[in-house]
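Shared chain: subunit A. Partners: subunit B in the first complex, subunit C in the second.
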Partner chain A sequence: MPIVSAKNLRAYYIVDVYGFKRTVKAVDDISMEINENEILGLAGESGCGKSTLMKVLLGLVIAPLKVLNGQVIYSFNGFEKNIFELSEKELENLKWEVFSYIPQGSMNILNPTRKIGDTFFDFMEPHMEKFDKKYVREIIIQHLGNLDLPAEILESFPHQLSGGMKQRVTIALATILKPRIIFADEPTTALDVVVQRDVIQLLKNIQKNSKNTIVLVTHDMAIHANLATRIAVMYAGKIIEIAQTKDIFKNPLHPYTKYLISSLPKIGDKTYKKSIPGAPPSLANPPEGCRFHPRCPEAKKECSESVPELIELETGHKVACFRIN
Partner chain B sequence: MNLLKSYIFPRLVQWVIVILIGTTVTFIIPRFSPVNPVDVVMASLASYQTTDPQAMLKLKESLEDMMGLNENIFVQYFKFWGRLLKGDLGPSLARFPIPVIRVIGNAMPWTISLLLIATILGWLLGMVLGTFAAYYSHKSWSKILQVVIMALYPVPYYVMALILLMIFAYIFPIFPLFGGVGIGLKPSLSLNFILSVIKHGFLPAVSIILVSIGWRFMSQRALTSTLLSSDFIVYARIAGVRNRKILFYLFRNSLLPQATDLALSLGGIFSGALITEVVFSYPGLGQILYSAILQGDYNLVIGISVFSIIGVATGALIIDLLYPFLDPRIRYS
Partner chain C sequence: MSSMNGSKLVVNGVTKIFKMGSGFSRINITAVKDISLEIDLAKGEIFTLAGESGSGKTTLSRIILGIIEPTYGKVLYRNKNIFAMKRNERRQFIKEVQVVSQNPFEAFNPLKKVESYLFKTAIRFGLARDKKGAIPHVEKALKAVGLSLAEINDRYPNELSGGQLQRVAIARSLITQPSMIVADEPVSMIDASLRMSIINLIKQLNEESKINFIYITHDLATAYYVSHKIAIMLKGEVVELGSIDLLTEPLHPYTELLRTSIPEPDPDKALEAIDKELVISKRNFDSDFACKFADRCPSKMKICEREEPKNYIVNGRIVKCHMYSNKGIKMTNSIQI
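Then we have the complex of A and B:
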């Protein structure tokens, strides 16, 4: 049984200003499963709905985002519930203990007027039955030690830390209660490559040590190649291909995935990289049928008429394309 | 030591310069006013009796001599500083020969106790209500509160004072109509005296608080709404950090601009709340300043202004020195 399974998720941004209704179909009929002890990468270009999908999986649905259809079921240790049907209290209990979240742009997510240590206390307090500062402090210091972070940072203010350090503190903050699933939204953006490597290594170590699940959103295929065990490729609000990392890179099936992989530079390869013709569709008004068909070099008549299903071809390799099926 | 040299010392110099310039300006301005204290005294004398013009001229000369107004303005200016540094602000010209310092000393405690309490209470209430109203903006009580405060905000404070006076002193005589304390009561630490002071100060204080709360409430609500969409608050809320902690985060992070404003308005209380004091016949500095301006009482105007300048400059100095404690991002090297 997967730890999280999403069924027929449909989440739109619906803005209604003075009767002008605008709907952005950011997550459109997505079903997926997240297993225990894996790093699932969500890949896709900017604006394809990766972050929105992650927010919906987290139950973080804030207007104008609306979930129109589908369910996200969390199941572990006999607990099996749809996240949208939880009471506020139940959801509070799940947060940080069962799943936690590393948001996009972690630069400003620490309170500028609070010492890092106090921020840790604030985040842990609601989940502690008995809040003994001394004991909690020891837990924090041990956790920081495991992540190779110095205990002195607890006495620092966020502005005294570098960007990379802040990102690592954020990761420490998100993993302090040893959650089963960590949702990381672009954890490496705005960092230089050396720090990126540290952050990737950090996430890898956390996953290795506590055998939890990481869901990683990034547009950077190189990071996926390094970190993810399975990759889901999104295009215009839909998952178009999902497979083991190795299979995605060795044997991409969907034309979009092929383009994506062939666009990656390789050492020694000096050939001209082709870009995908056309531009990404607007999610407010996506094309009929397969959403990639206007840009697809292999499109058939069928592609513009009906939507291809995500079908399992080989074990664990699913793809949504008429040409393959 | 380094802190003293690089941070405290320049600010002290700045403080002295502000006081110097401010005092000089207040010394000059009343002397350009068309009202002359000598003429005021003469006019009041002439309205009772007719006097020989020669005697009037002599009287004018001796009055000018007595008030020190017959000398060159520069000489007056330097003499003024010489006296000021000794703590002597000269005699009141309209209440000659009572020293200005005593006139101010009599009125100061009334004004300060009223305005200090009203300003701090107004600030605190505005801050707390503004933060809560923004945090719970979807709740109905928050919406009602907003409408009520928005409605109070544009009311001129003298109108507010008059309405309060009419309702609570005239129609329902709960509070006294005028004065700072009951007639015949001598200043003492007795319960009777203190209760009387509170009773007399209540309506003036409420009229100031009700009006000053509007601006504070709205600015705090705006600051809080901006903070609510900032990354660290959103993240803390996602993580399920307790409500009271988040309210504290909001309060703490909006403190810097609001504390600055509080310090400046605290400095400003030394010039009194003119119209409030007039409406309630409250024996404070505002009343005295008003009559001093009408009577051309240079010394008294200058005296009150000097206190006000020192008050504002000191308020700004203190808040400047406190910034590092309010916001850890501010450090001086």
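Then we have the complex of A and C:
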């Protein structure tokens, strides 16, 4: 039973300035399911719509982003509702307790004039029935201990912490209310490799210990290989392939995924890495048919005419390509 | 130019200290400390400067480009100190040593058409008198990066993709037929699917036209793919320098830590859990210990706290670590490799 299922999601950025209308089709007809107890990786290059998809899944739809079609159904413990039909109050209740969000560049969201401890209190207060500072402090310290963070950081200001430490603090904030799903947008980007390795480990441990779900957005395939259990590959606003991590890396089916995997450089491997020809399309004006066909070496006539659907080939391995059927 | 001879770029004992703040809160930051390296321009090499953010790799590249003057030490280009050059020598130096910057969207003025940079470069360096005369030079440079003038003519930077813009930036640097290009994180802002095309372009320009590159990056996987030599930097110092193959069997414990921390794009090779001691570094730039890695080093010895390690030559590399005081040859002259 999936905890979140998206059906025929269509979310566009619609900008209308002085009669000049521009539509960016960032999420175009996406259906997917997020299961309990998994780390789902959303892969794709910058501008392919992966961050937008994550925001829509969270119900974080702020103009100019607009959901034109589709639903996102959250189901757990008998609760089953479309996130777009929830009242503001209901949505507030879901936030942080059912799902939490680690936005991109989140290490810079901490209020520079407040101590980390105060940020934790501010964060916890609306979620507690009776706010007892001493009791809440104990919860926080215990939680930090679980994540191997020293309790002293509660007395620090953000500028006194390193980038990696701040990132760990935001992860601690996002997980303190034990959410069922954690949405993490590029949680390791802009960190040095050694710190990145530690943050990867931290996310892995959180998932292992609380058996919840992590949805991970990153463009870095190596991070996906290390963390994700299942990967959805996005290209120009669509999911083109979704499968277990092993299948994506060892047996990619879509030509784009094939290129993506084979072009990854590795230490100890000096063989020539071919790059993908052409450039990704603009989402304001995507090509007709399969959006990859102008760059695809195996494109046929029908690829430029109609859009291939995401079809399940083997159990759990779905791909949207006319060549493979 | 008669006064510029020889075929080497020599960085000799370069140190840069930035003075920050004023009055009582004045602090000195040693961004780059006693760095020596040598590039033989006749060979046509790609030399990588690698390190984490704040390790001083960009400062070092700016010193090599002559933008920042070092506090101590000097940089010799074809036997000439680049900070004591005459006007015409300096011009020749700029002509031969070009730069490609990190973010192509910031490198180009959004209000100017991209081809104007190519024409201006050709005219300024005296390759052509006017725009018409510059066309062959511009076409040739664009052809080398897989573009043509027709493709970019009359276009503004926002009309081109990051990959195309970075190609134009590389084409601009090629117009003067440089002997060396300093490329500071040239692919970190480029889309994943286009990244390898830029890296392959650098490789191709190096192989076909024997252009030397200084490739500055934190991405050791692309560094391994493209370069011949590498210097690993830590807090302003070079801790290991040698052939790129040092990445497969590192000698310095810091290189080893970096090597084992890089996630591999292979689900069968998951990263091992990391020891907390290795992650948390002291925040201040000047570590309390004499060796900059001593606060995190798993093989730390007593001597590492008090005495700065010397450079030792081990297996044809330079390693700055006390562990090799018996195994390696202590360097007397700082430049040998």
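Going forward, the second predicted complex is superposed on the first by the 323 of 325 C-alpha atoms of A that agree within 3 Å, B and C clash if a C-alpha of one lies under 4 Å from a C-alpha of the other, contacts with A are read in each partner's own complex, and residues count from 1 in each chain.
The rule we apply is simple: contacts are C-beta pairs under 8 Å (C-beta built on N, C-alpha and C of every residue); 3 or more make two chains touch, one makes a residue touch a chain.
Note that the structure is a prediction, hence the values are computed from the model and not measured.
Under the clash rule set out above, the superposition-derived model of subunit A with subunit B and subunit C shows the two partners fitting side by side. In the superposed model, A:Arg22 makes contact with neither subunit B nor subunit C. Taking subunit A as the reference, the larger set of touched residues comes from C, when subunit B and subunit C are compared. By the document's definition of touching, of the two partners only subunit B reaches A:Leu60; subunit C does not. Contacts of A:Lys208 after superposition on the shared chain: neither subunit B nor subunit C is touched. In the overlay built on the shared chain, the residue A:Lys133 is in contact with neither subunit B nor subunit C.
When both complexes are overlaid on chain A, the residue A:Phe123 reaches subunit B alone and has no touch with subunit C. By the document's definition of touching, of the two partners only subunit C reaches A:His219; subunit B does not.
The least CA distance from subunit B to subunit C in the superposed model is 6 Å.
Put simply, subunit A uses no single residue to touch subunit B in one complex and subunit C in the other.
Subunit A contributes residues 58, 60, 92, 95-96, 100-101, 103, 105, 107-114, 122-123, 125-127, 157, 159 to its touches with subunit B in the complex. Contact residues of subunit C toward subunit A in the complex are 52-53, 161, 163-164, 191-197, 199-200, 218, 220-222, 224-225, 247-248, 257-259, 261-271, 273-274, 276, 278-281, 283.
Across the complex, subunit A meets subunit C through its residues 45-47, 148, 162, 164-165, 192-198, 200-201, 219-226, 245-246, 249-250, 256, 259-261, 263-270, 272-276, 279-280.
Within the complex formed with subunit A, the subunit B residues making contact are 230-232, 234-236, 238-242, 245, 249, 252-253, 327-329.
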